[in-house]
Amino acid sequence: MNLKELYQEIILDHGKNPRNLRKTENFNKDAKGHNPLCGDKVHVFLKLNENKKIEDISFEGSGCAISMASASIMTDLVRDKEEKEAKDLIKDFLDMIKEKPELVTKSLSEDEKTKLMSLSGVKKYPMRVKCATLAWHTLISAITNSQEEINTEKFD
Amino acid sequence: MNLKELYQEIILDHGKNPRNLRKTENFNKDAKGHNPLCGDKVHVFLKLNENKKIEDISFEGSGCAISMASASIMTDLVRDKEEKEAKDLIKDFLDMIKEKPELVTKSLSEDEKTKLMSLSGVKKYPMRVKCATLAWHTLISAITNSQEEINTEKFD
Amino acid sequence: MNIDNIKKEFPIFNNKVHNNDLVYLDSANSSQKPQVVIDRIYDFYSKEFSNVGRSVHYLAVAATNMYENTRVSVQKFINAKDKNEIVFTKGATEAINLVASTYGQKYLKSGDEVLLTELEHHSNYVPWHYLRKSKGVKIEFADVNDDGEVTLESIEKKITSKTKMIAITHLSNVTGAILSIKEITELAHSKNIPVLVDGCQGAPHLKLDMQDLDCDFYAISCHKMYGPTGLGILYAKKKWLEELPPYQGGGGMIGEVKKEGITYGDLPNKYEAGTMQTAQVIAFDESIKFLNKIGIENVMKHESELINYGQEILRKNNSVKLIGNPKNKGGVLSFTLDGIHPHDIATILDEDGVAIRAGHHCCQILHDKLNIPASARASLGIYNTKDDLDKLNNALNNCKKIFNTK
Amino acid sequence: MNIDNIKKEFPIFNNKVHNNDLVYLDSANSSQKPQVVIDRIYDFYSKEFSNVGRSVHYLAVAATNMYENTRVSVQKFINAKDKNEIVFTKGATEAINLVASTYGQKYLKSGDEVLLTELEHHSNYVPWHYLRKSKGVKIEFADVNDDGEVTLESIEKKITSKTKMIAITHLSNVTGAILSIKEITELAHSKNIPVLVDGCQGAPHLKLDMQDLDCDFYAISCHKMYGPTGLGILYAKKKWLEELPPYQGGGGMIGEVKKEGITYGDLPNKYEAGTMQTAQVIAFDESIKFLNKIGIENVMKHESELINYGQEILRKNNSVKLIGNPKNKGGVLSFTLDGIHPHDIATILDEDGVAIRAGHHCCQILHDKLNIPASARASLGIYNTKDDLDKLNNALNNCKKIFNTK
C-alpha cells in the first residue's frame, strides 16, 4: 500500500518532531519559501563560514508532515557540508524525487541515504512532490542569496 | 415550400423596385435604423401636417429584399394616414409578424392587407424577422421623434 | 425525481477510486455532472452544432434559439425581472472582474471605499485590489465573528460616507455561513450603496430570488451548479448594464464600427464579446431543468439534514475541530484534525476514495484571522448521503491510526 | 488518417438539413467537431471529472495532469519555446483584450499609436479602441489593396516613431489574404515594436511556428480548430507574461494574499484566474492529436486545392463577384451576387442544406472600404470537398432563379 511508503515511521517522526526548527544565531544567509497551493511556509537560515562550509542550518515554518520532515531531514544532512557539496546533494535529491530511481551522491553514509530516501514515497503522489521539495528550493535560494522569496513576487 | 412564401412576387417586386426610395423635401420628422447583424440601414423621412396627418413619407437605405420590400410597402400604406392610425397599423403589423396569425386593422383595404400580409412569410425565418421590422421600428422612432438611432447608441 | 437516490443520475459514481466507491465531498470546488447535462453536450456537438447569433442558416438559427432559451431559464430560476439582466461569462471570477472593472472605471475615485468581508474568496478581493492599485480606492473588511459569520451589524460598522460598493459572499465556502443579503442590501441601498453578491456557493445550495434579495449584482459559477465548466453568469440590474461601460470588446457586442469610433450593441450583447460558450450555455439549460425537477426546496432540505448530521458526527470525533458554527449554515464542513496537517488528511482520505479539499480554499485572509495555515473541507452536493459522511468519519479515524494520534 | 474521407469522423454529417445533406461552409465562424473530441468531453465528465490545480485527491490529480498535458501539446503544435507561454482564455477575443488591457496599462500613453490593418476583425479593434478612450492612444490602419491584401509596404508606410504596437490578422476572415507575419515581425522588431497576431483564422489553416514567426503575441480560438466552444489560447513570449501586469484577478492566480496587498503566482497561473475551462482544455488535446494525425501539411494541401477549385467555378459563374484576389489565400471564399443581397442568398442556400454566412463578418471597416454593406462567405474546413463547392454553385444558381436574375 502506497500510504505506508509515503508515511514511513521516519517521516512521521521528523514530521512531528522536526530537527533544527529554530533560528540560527548570527546566520549570514537566509531565504523564505512558500507554496501557494497549500499555504506551506518555510524560512531557512544558514551560517556559512569563511571556507564556505555550512556551520549551522535551521528553519522556521509550518506545513504538512512531508514538508516538515523534508526540511528536518535536509537540515540534518546538510550541516557541516561545503557549499559545493550541499549544492550537489540538493541537485541529487531533486533529480531523485522527480525522475531518477536512486541517489547517486557519494557524500552520504548509508544511514543518511536511507533517511533521505524515505522521502521518495511522494513520487507516487505528484501533488505532494512540492511539499517534499519546498525546503530544498528555499535552501538553494538561501545559498545563492537571491533576495526574493521562492514562488513569491513582491507584494503588489 | 417556404421559400416561395418568403420571396413572393410582390416582395421581389418591392425589393427590386422599392417605392418612395427618396428623401421627402421639407420633412419635419426623421429617424435612422440599423441592424448590426446584417448591416441593413434605413433612414425614414416624414412630413406631418398641422393635423398630424402624414402628408409624405419616404426612406433611404440599403438592405436585403425583405427589408427593402418592407420599407417600400410600409411607406406606401402609411401615407395619408393620421398619426394615430399609423401607430395602430405599426402595432398591428408587429403583432402579426411576431405571433398573431392575422391583421386586425380596419384602416386597410383588402388589397392593402394582402400586400402587407405578403411579409408574413418571414414568420418561418426567425432570423429574418428583424429585416421585416426594421423600417417599422424606425418609423415609430421618427413619429415619437426620439433622437437616437434605433439599435444604435451614440458613437463612443 | 427523488433526491434520495439521485446518485444514480451521475455517471461518475459508477467508477471506483483506488478500488473504493467514490465519496465525493469536493462539490464546493466543482460539482459532478448529471447524465442529462453530459448527454446534452454530446448531442449538441454531434447533431446540432453551430455558432450562435451570427449566421442565418438552419443550425445557427436553432442554436441561437437554444442559447437564448437558457437565458430565459436562468432568468426564471433566479427570478430576475428581465432576461437581459442575465449575462453569460467565463465564470463567477470573470463576472466579478467585469463589475469591478466597469463600475470602478466609471464611478470610483481615490479615497472611495469598497467594503468586503473577511470571508471573501480571492475572486471577490483581487479584482477590487486592482482598483486600489489603479485608482487609490480603499478596501475595508467587515469582521467575521467567532462563529464564522459576518453579521449585518459588523457590516454596518464599516460603512462610511466613502463606501461606494459592498461586495460580499452569499454563503462562505469555508465556514458555510449564509449572510443576510436581503437585510444588507436594504441597509446599503438606504445609503445609496450598490451591493454585489458572490453567489458561487449560494447558487447551488439556496433558493434564489433576485427581486427579493434586491442586490445589484450576483455572480454565479455554473460548474458548481451541476453544469459545464467554463461558464458563469452575471446577474445585474438592467440600469447598471445600461449605465456601465462595456467590458471586453470584440465581435457581437458592437452596433456600428467606423475608423473613428464605435457604438455598442443592445443588452445583453454589449457584455458578450466574441464567440461565446455556445455548447456550455445550451447544456446548462439541462442543469436548471434537473434542479427544477428535484425542486430547490428538496435540495435545501436534503443538504441541511446532511450538514446537521455531519456536524453531529464530527463533533463526536474528539480530535476534529469544526471551523465556524454559524446559525445559518449550508454546503460545507471545514475542520482541522489535531496533529495532522490538512494536506496529509486529504492524501490519506483519498486512499479510501474520499475526496475532500485541503488548503486555504482561496480564503487566505480568513485563515490568517483563524490563525491556521490551512484547513480540510468536506463540501456537499445533492448526491451526497449520510453514508458518505460516515465514510468520511471512518477515513478520518484511519488518519489518526496512521499518524498514531487520538 | 486520410483527409479524403475525413467527413465520416464528424458525426454532424449524419444529419439532414431540410432533407438535404449538410454542406457546411461556415467553418470560419465555427468548425464542426470530430467524434474523438466529443467522446473525450463525454468521458471526462462521465468518468474523470474534477476541478484542476486545487485539490490533491485522485480525480483532481489526474485532471490536473491532463489539463497540463494539453498545454504541452499546444506548445508543440505551435512550436513555442516554453509551455508556460501558453495561456488558456475564453477565446481569441479575450486573448486580445488581455494583451490590449495589460500592455496598454503598462506601456501606452496619450499620443502613442497602435497600428492595425483595414482587414481586422472587430475583436482586434474594439480592445484597442478602449485605449483610445481611456488613454488617448491613436489607432492607425494599414491600407488593404485592391486584391484584398495588406502588404509589408503598406504596414511600413504607417509606422511612425510613435507606433508602440502592431496588431494584425494572420489570415483575413473575409478576403482570405495571408499576411507575411515573419517579415512584418522582423520589420517591427527592428523598430522595437511588438507584434500581436490575431491567429483565429491562421491557426486552423496554416502550419504554425511561433519561434519562426517570432511574433510577441498570438491569439487562437479553439472552437475554430475542431475544438470545444468557450476556449481560446494566448501565446505570448515569456518576457511579456513576466513583465505585464495580471489581467483578471481571482483564485489560482495569487501567491500570498493579505489585507494590505497581494503577490501573484508563477506563470502560467498568473493569467489563469478562477476556475478554468477544465473539460474544454482536456478535450482540446484530442483536437490537436486529430490534426496531427492528418498532418497539417495535408490540411493545407487539401484546402488549397479546394480554394483553387472554388475560385475557378465561382469565376465561371458570371453574376458572382469574388471579394479579393490575394496571391496567398486560405480558408474563405467571400463574394456578392448581382442583384441579390447576401442575406437573401444565405436564406435560400440554407434551404438546399448549404450553410454559409452573410453580413459584414465583424469587419465593418473592410466592408466600408469595399463599399458594400455586406457579403456572402463560404468558408472551408478539412471536411469539405469539391462536391460541396459544386453544391454551393448550384444553390447560387437557384438563388438567381428565385430572384429572376442572370
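A few comments on the model shown:
Each chain gets a letter, A, B, C and D, in the order it is written, and its residues are counted from 1.
Methods note: a contact is a pair of C-beta atoms (placed from the backbone, for glycine too) under 8 Å apart; a residue touches a chain by one contact, two chains touch by 3 or more.
None of these values were measured; they are calculated from a predicted model.
Of the two interfaces, B-D and B-C, the higher number of touching C-beta pairs belongs to B-D.
Chain A and chain B have Cα centroids separated by 78 Å. We define each chain's centre as the mean of its Cα atoms; on that basis chain B and chain D are separated by 38 Å. Centre-to-centre, using mean CA coordinates, chain C is 31 Å away from chain D. Here the spacing of chain B and chain C, counted between their Cα centres, is 46 Å. Residues of chain A in contact with two or more other chains: 37, 125, 128, 156.
The set of chain D residues that touch two or more partner chains comprises 54, 56, 60, 129, 254, 256, 258, 261-262, 343, 347, 358-359, 364.
Taken chain by chain, the contacts fit none of the simple shapes, being neither an open path, a ring, a star, nor a full set of pairwise contacts.
Chain pairs that touch one another, listed by label: A-C, A-D, B-C, B-D, C-D.
Within the complex formed with chain B, the residues of chain D that make contact are 129, 133, 339-344, 347-348, 351, 358-360, 364, 367, 373-374, 402-404. Chain contact summary for the complex, chain A toward chain D: residues 34, 36-37, 125-128, 151-156.
By the touch criterion given at the top, residues 53-54, 56, 60-61, 64-65, 254-256, 258, 260-266, 269 of chain C touch chain B in their complex. Of all residues in chain C, only 11-12, 14-15, 17-18, 22, 26, 29-30, 32-33, 35, 37-38, 41-42, 45-51, 54-60, 90-94, 96-97, 105, 121-123, 125-127, 129-130, 134, 139, 141, 221, 223, 228-231, 248-254, 256-259, 261-262, 273-280, 343, 346-347, 349-350, 353-359, 362, 364-365, 368 touch chain D in the complex they form. For chain B in complex with chain D, the residues that touch the partner chain are 1-3, 6-7, 12, 16, 37-41, 62-66, 125, 128, 131, 156.
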